[in-house]
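Chains here go by letter, A, B, C and D, matching the order in which they are written, and residues are numbered from 1 within each.
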Amino acid sequence: MAVNKIDLNSDVGESFGNYRLGMDEKIIPLISSANIACGFHAGDPIVMKRTIAVAKEHGVAPGAHPGFPDLMGFGRRKMDVSLDEIKDYVIYQMGALQAFAAAQGMALQHVKPHGALYNMAAEDLTIWDAVAEVITAVDSQLVLFVMAGPWRQELEAIGVRHGIRMAFEFFGDRAYNPDGTLVSRKLPGAVIHDHELVAEKVLKMVKEGRVVCIDGTEIELAAETICVHGDNPAALELVRNVRKSLEEAGVEIVPPASFL
Amino acid sequence: MAVNKIDLNSDVGESFGNYRLGMDEKIIPLISSANIACGFHAGDPIVMKRTIAVAKEHGVAPGAHPGFPDLMGFGRRKMDVSLDEIKDYVIYQMGALQAFAAAQGMALQHVKPHGALYNMAAEDLTIWDAVAEVITAVDSQLVLFVMAGPWRQELEAIGVRHGIRMAFEFFGDRAYNPDGTLVSRKLPGAVIHDHELVAEKVLKMVKEGRVVCIDGTEIELAAETICVHGDNPAALELVRNVRKSLEEAGVEIVPPASFL
Amino acid sequence: MAVNKIDLNSDVGESFGNYRLGMDEKIIPLISSANIACGFHAGDPIVMKRTIAVAKEHGVAPGAHPGFPDLMGFGRRKMDVSLDEIKDYVIYQMGALQAFAAAQGMALQHVKPHGALYNMAAEDLTIWDAVAEVITAVDSQLVLFVMAGPWRQELEAIGVRHGIRMAFEFFGDRAYNPDGTLVSRKLPGAVIHDHELVAEKVLKMVKEGRVVCIDGTEIELAAETICVHGDNPAALELVRNVRKSLEEAGVEIVPPASFL
Amino acid sequence: MAVNKIDLNSDVGESFGNYRLGMDEKIIPLISSANIACGFHAGDPIVMKRTIAVAKEHGVAPGAHPGFPDLMGFGRRKMDVSLDEIKDYVIYQMGALQAFAAAQGMALQHVKPHGALYNMAAEDLTIWDAVAEVITAVDSQLVLFVMAGPWRQELEAIGVRHGIRMAFEFFGDRAYNPDGTLVSRKLPGAVIHDHELVAEKVLKMVKEGRVVCIDGTEIELAAETICVHGDNPAALELVRNVRKSLEEAGVEIVPPASFL
């Protein structure tokens, strides 16, 4: 892991038609990688074009954020889909966004599955394998964002097999279980609201590659990208804090394709 | 116009989920360009992948067939959309199909707007202009399929301005008005069911660049691609007749990118 | 027209899935009729249930607000649909909302077509006729909200023929042309932002059945319901002003089914 | 269980827009209860109207066949939805179909959940409970179709609690496990293709309330309705055989609301 460089990523482009969601113009200048919704769980063609434009304006690396075809559930509901369906849903959404990037002279940097698709992949390596397979087939320069954890070696092996780079993702505002999974949002303490604490956890992960879990134990956790949110003013403030803390520690905030 | 070469194109990949439409496996071997639905008015990711595979198997050039976001109306209902919406709908669908092509080692040859979008463009050159603009922005090698007619020079000027090739399309089984428009389907004689007559009209257009209109007058009509259908056994038989007639006359049936 | 009673109606229930739109909890207590989106252009089953509940809580009469199947365009784009399609889209959406009302021991009061459907009807009486026909067929107690204007007699004749009541709708914050149509939003002065002026116009219409047009001429305009908005704090303030002005003038704000 | 009366039900109205599915005009005359898709997993407003009309023409009792909002997956993919979502999806779809029935002077007889929703309910009684709750709230005369099996008493208790009638459903062409569940379609022998054998199984269930399982053991299985299919000529022939066999045995084929 690169200790002097880290990526900040955030989900953006989640508006749809007449519906506005998020504060994209505010969060995009604060991050280095933008996960752009591709029209299945959120986003539409107009929104995708605009979001690519905002990312370009701020020199932020755009990536596809494919989800399930479930706008009503915002892609957050697990669906009993086949691996073939997952592959084709990812190809479709990735391609749609690629065209908007190409039309503005850009290329996508990465792919990060959204919501239930991400969560299902985190519980089933064959899904990461399927996603890696199709990303490579479409563009082997793309970086796949996956969840950091003790399963890193297994995921890296998938990346090697498909000839694809992976960026492991850390959740600074979420409590971890000792097995590297996230504490369920249904449990108390799952989400960390204290900005100082979040900045501390992020810095520790970046500098030491370790995280203190909810039970006080400490585990190794190497990551190249940190997930942040931009859907409300408090979230933006948290990101500013994290940036400041990282910069003061001499850590450069840059897209992972630049250092992987 | 190339008198010894002509393209046959057909709309395919129009199935959706559990719904089957068309006889793609039968019609694709008979054509040189396949217009593949991209998920807005028809088609879904699974269907798109399969249709690209069938086109590849038969050496048929794949193209995007973007339509309005109106699955319930099969993209056949005019919608009061803006040029910006049209542009972004085309980019989105084109990109989605490009990724399926890329994943199978292919590149798209062309873009042919579908249904109401095609019909609206035929009545409003600014739509052709908007579509040409975004196609060029995404991939200037793509050929845009447009309707043949007396407006050819104006459309060619649009193509020149955007640096894009156009293939003009002839409808062999439709009656023409003397102004180059198609006779409305609501009128008697609009669709020609006689296979011999269709083959004759096609051959005349290919050899002489002329068509006999519904009122008996003859007009110039240059085209590089001919629209055929494959959704029923009679349509397939008609295509076989057209092919036979063209081949006997020494006309080569090839994708337009090869001779434009 | 009842000069001592008037209805205030507003479009509500326009959220969808993860997307929030409008300030339903704030506007519903200020109106007497709630036009609830039914899932085609906006709204979803969860939102419909909740909106019926809020209407019930405040004694506001619920109505169906059917639109085109165009979530991406929020039902604001004209579509070239047939009268049969319009009829069936209205039946479908009306029925869906009826069930949510029934499940909470309520009945719908009215139907008000949304967006492009309303605008298309305002230009084509056969659409009002089609909508009236299906409303009667499903529940002849329902009131149809239509646009007020010089065409009132023709619309009333449609209502009589189908045995259905109509409530004519006035737009207090929109400038009128002398022919009774609304000044296009693309023109300056189309929307009136001065709260006092809106309250004045509303009171004049209620008391005198007349409106001063954009060119200064005055025309007759009888209406039983006034369209108001609740999607931002200024709009809510405007509605409070209108209510106050009406109440001070001794006008009762009640659902039209109570006085038609 | 009524030994001299039985219902035959089939899923119909599954076409969508330009897509045709099933042979509704052929199967509806052969059944007594029609499960009509309601626009989420299949069906659209035009199709719903037409299907109600065909059911009316043949004196067949119409029922709602609500499914998940997953047209791409035909409602066959399990989704991790909440009970509240299930309730509201059922209310919405039931209401939409009720309006089409009402517009043609009919009332719905029953509700039968579709596909993954039915399968999830069969594994989780709280789903049946949720569905029963909302059906009662909308119209307590409606009959809920549920899966027959050893869990009959528990389901009946749910029906009693909500004051709703239930019709238990038997699958004549499916092999049963000794625990009353269906043999998975992934296993050999899951679907019975022998028409005589199906007719025999149906008759045995109707006359004796028993079924021979895949392992040869015999279990009690009381049902009031039998699921049949009409999507191909062989399926229609099978239904004709079943009808003939039942009629020769003096069993009357009638909608369950008439004898429950």
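One rule holds in what follows: a contact is a pair of C-beta atoms (placed from the backbone, for glycine too) under 8 Å apart; a residue touches a chain by one contact, two chains touch by 3 or more.
Not measured: the values here are computed from a predicted model.
Asks: Spelling it out: a chain qualifies if it touches chain B and also touches chain C; which chains qualify?
Replies: The shared contacts of chain B and chain C, listed by label, come to A, D.
Asks: Superposing the C-alpha atoms of chain A on chain C takes a rotation of how many degrees, nearest 5?
Replies: Chain A sits rotated relative to chain C by 180 degrees.
Asks: Averaging over Cα atoms per chain, report the distance between chain B and chain D in Å.
Replies: 43
Asks: When the centre of a chain is set as the mean of its C-alpha atoms, what distance in Å lies between chain A and chain B?
Replies: 40
Asks: Among the residues of chain D, pick out those that touch two or more other chains and give their numbers.
Replies: If we look for residues of chain D contacting two or more partner chains, we find 72-73, 85.
Asks: Give every residue of chain C touching chain B within the complex, in rising order.
Replies: Within the complex, chain C contacts chain B at residues 69-70, 72-73, 77-81, 85, 116.
Asks: Mind listing the chain B positions that touch chain D in their complex?
Replies: Answer in residue numbers: 16-19, 21, 42, 44, 71-74, 76.
Asks: In the complex, go through chain B and note every residue touching chain A.
Replies: Listed in rising order, the residues are 39, 45-46, 48-49, 84-85, 88-89, 91-100, 102-104, 134, 137-139.
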